[in-house]
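Data block below; observations after.
Labels A, B and C are assigned to the chains in the order they are written; within every chain, residues are numbered from 1.
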């Protein structure tokens, strides 16, 4: 466990773990993150009594800011020959884990931060603090980590198009109405709500929990690993598109990837970029 | 009609029937219920002018409490050779009925009570009085009557997992947000709302109503009878699991199946069981 | 452009067009409309820089009232041999347009008016002014322009059945809860909200927008042109049903197709028809 630098693992019991994402200053997913996610999956898959795992953030303003995209660079997280992209591997393993995964979202969950939450089985959001966006198109890219596959299934084509093409920040109340999260909980009740849910599930019988999750998945066809890979390949390609080449340097100048007004108010900032 | 003991049939007109579930003290579905449901279907299928049927409850606190599970007992409602489970037959026939079925839900609809409502074409709930839960996992079982098949299609995978694995009581406002019901109506307007809807549909042309329902079903793929049977077989199996054997006697001690604080507040009571 | 009589095209820029439906007195879709929709599609498909198109109405009370059905008449908009119905052609071309289409709905959107909005990629509604209904069953018909295919996918089977069989007016708040529209926006903010969304999308990179829309559609299976045609053929047939023959003359007497209390309050008026 001490080999993980961005993830803090708290084993509240054999049945219930907390994973806290802590990658200062603004919880970017970077190329080191994928290796940590893979090692975390090794640990969770090796824990036979694990029933529930809650993902939260050490930074009250950022659940996960977004992916630290590098223009024109070869993607350092390319798939191994004959295998899947590391991110595809992680989200596939997470959804197949017999234990139920819960994203407890405070602060901004944009780009791959939204897609990390979407990869969890359940999403609870702080009503006042959580903010959601798929910002990729505003940077001349496309969402590469599951948003394009999952949002249309989750909120329908029209709301998914609004989110993906509009790139605006949605507060937790709207995210709840759109089905992006299960529920938005007032922040002063948020921690108690999540904790009660986790402890409750941890108290139930593992055989019943496992059978129920397996049967729900039998009746809900999600995207396949090949579909996730296909979109990621286009995302990698998009890093070389002229649109991204023109827009990302301007965004970096405005504060992309570091503590900044841009990172706090990305949705509004894209209006400034247009002018 | 007088041969039905748990169901009161009121023929308001040839086009509009009310069916009131009345099985004191808390409207449990028991093994007699399945035969009554089958006889009711015979009656409705033999009524050529029927356009709308509203299901309600004689008990203001319970729409349908849940199924009266008997530990370790062979399921007395096993499928006939080559046939479906009686419950599968009922919900399949109900959804194929040319008349539209409406659940008017006041009080608790848990377990098979929720699944009865889910088997109706339309669900209206009293905002203040209706409560929904799939409590089976909390009893060491799994939902066996359609919840696992229908909830993921209705509210998406994440909310279905929260409901099925969390086993908590949801009030009607949350149930509406999750799509569990069409609408939550303030209780003082509830009866008038349901009555207006039913009389309105009963006033429309039967050929148009029938064609419209048939075409909606052409564009909405629901679960198949075989899928319902498959889950029910696992439910029957689950009655013999160690988890159920450990948990159900404790629940009976706490008041399961009879007027009790447990039956009024099942969701909260599962926290007590954990302690 | 001046050859269009019912549609006013305002090219705010090469990237952003407004199309205003203006067919006094109550914005009925009539047999001339289909030819105008086809010519509009020719124009939009020939505009290589077009990124976003907003559809609104010149009449604050009616987005589009409904289709001007003629009893017993052969449908003048029949499909060409081997081809699709003109309406099927229009909605298919609109959804395949690389530019994103937005319905900005004030006033009543009933019947084909609702279905026009449903054919747009995104729907924003004025909270106080927008009203939605599929009124066809109340006229002894069935929805023929996409409602039966799209509503079950959009809001689930139960809410679609309520809308289609109940034929009632839904205000924008309920339409938002049901997913009929993306969002209901307070009317005093409505124009600014739509304008900001459109200008924002128009400022983004066309390659990224196009790829994102294409990928969303890869993960959202909508109805096929053949399915739309099949329902329209039944709609045409329904114009000869006895139910329509009995109900439509009464509706015409009550004000159908002209400025009237019926057209303002169609949902309520169907209760009067029943009496």
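Descriptive notes on the structure:
Going forward, a contact is a pair of C-beta atoms (placed from the backbone, for glycine too) under 8 Å apart; a residue touches a chain by one contact, two chains touch by 3 or more.
Fair warning: this is a prediction, and the values are worked out from it, not measured in the lab.
A rotation of 120° superposes the C-alpha trace of chain A on that of chain B, rounded to the nearest 5. Chain B and chain C touch with mostly distinct residues; of the residue numbers seen at this interface, under half occur in both copies. Between chain B and chain C the centroid-to-centroid distance comes to 35 Å (mean Cα coordinates, whole Å). Residue positions of chain C with contacts to 2 or more other chains are 153, 177. Taken together, the chain B residues at the contact with chain C in this complex read 100, 120-123, 153-154, 176-177, 179, 182-183, 196-197, 199-201, 203-209, 211-213, 215-220, 222. Across the complex, chain A is touched by residues 136-138, 140-143, 148-153, 156-162, 164-168, 174, 177, 223, 227, 231, 234, 238, 241-244, 246-247, 270-271, 273-274 of chain B.
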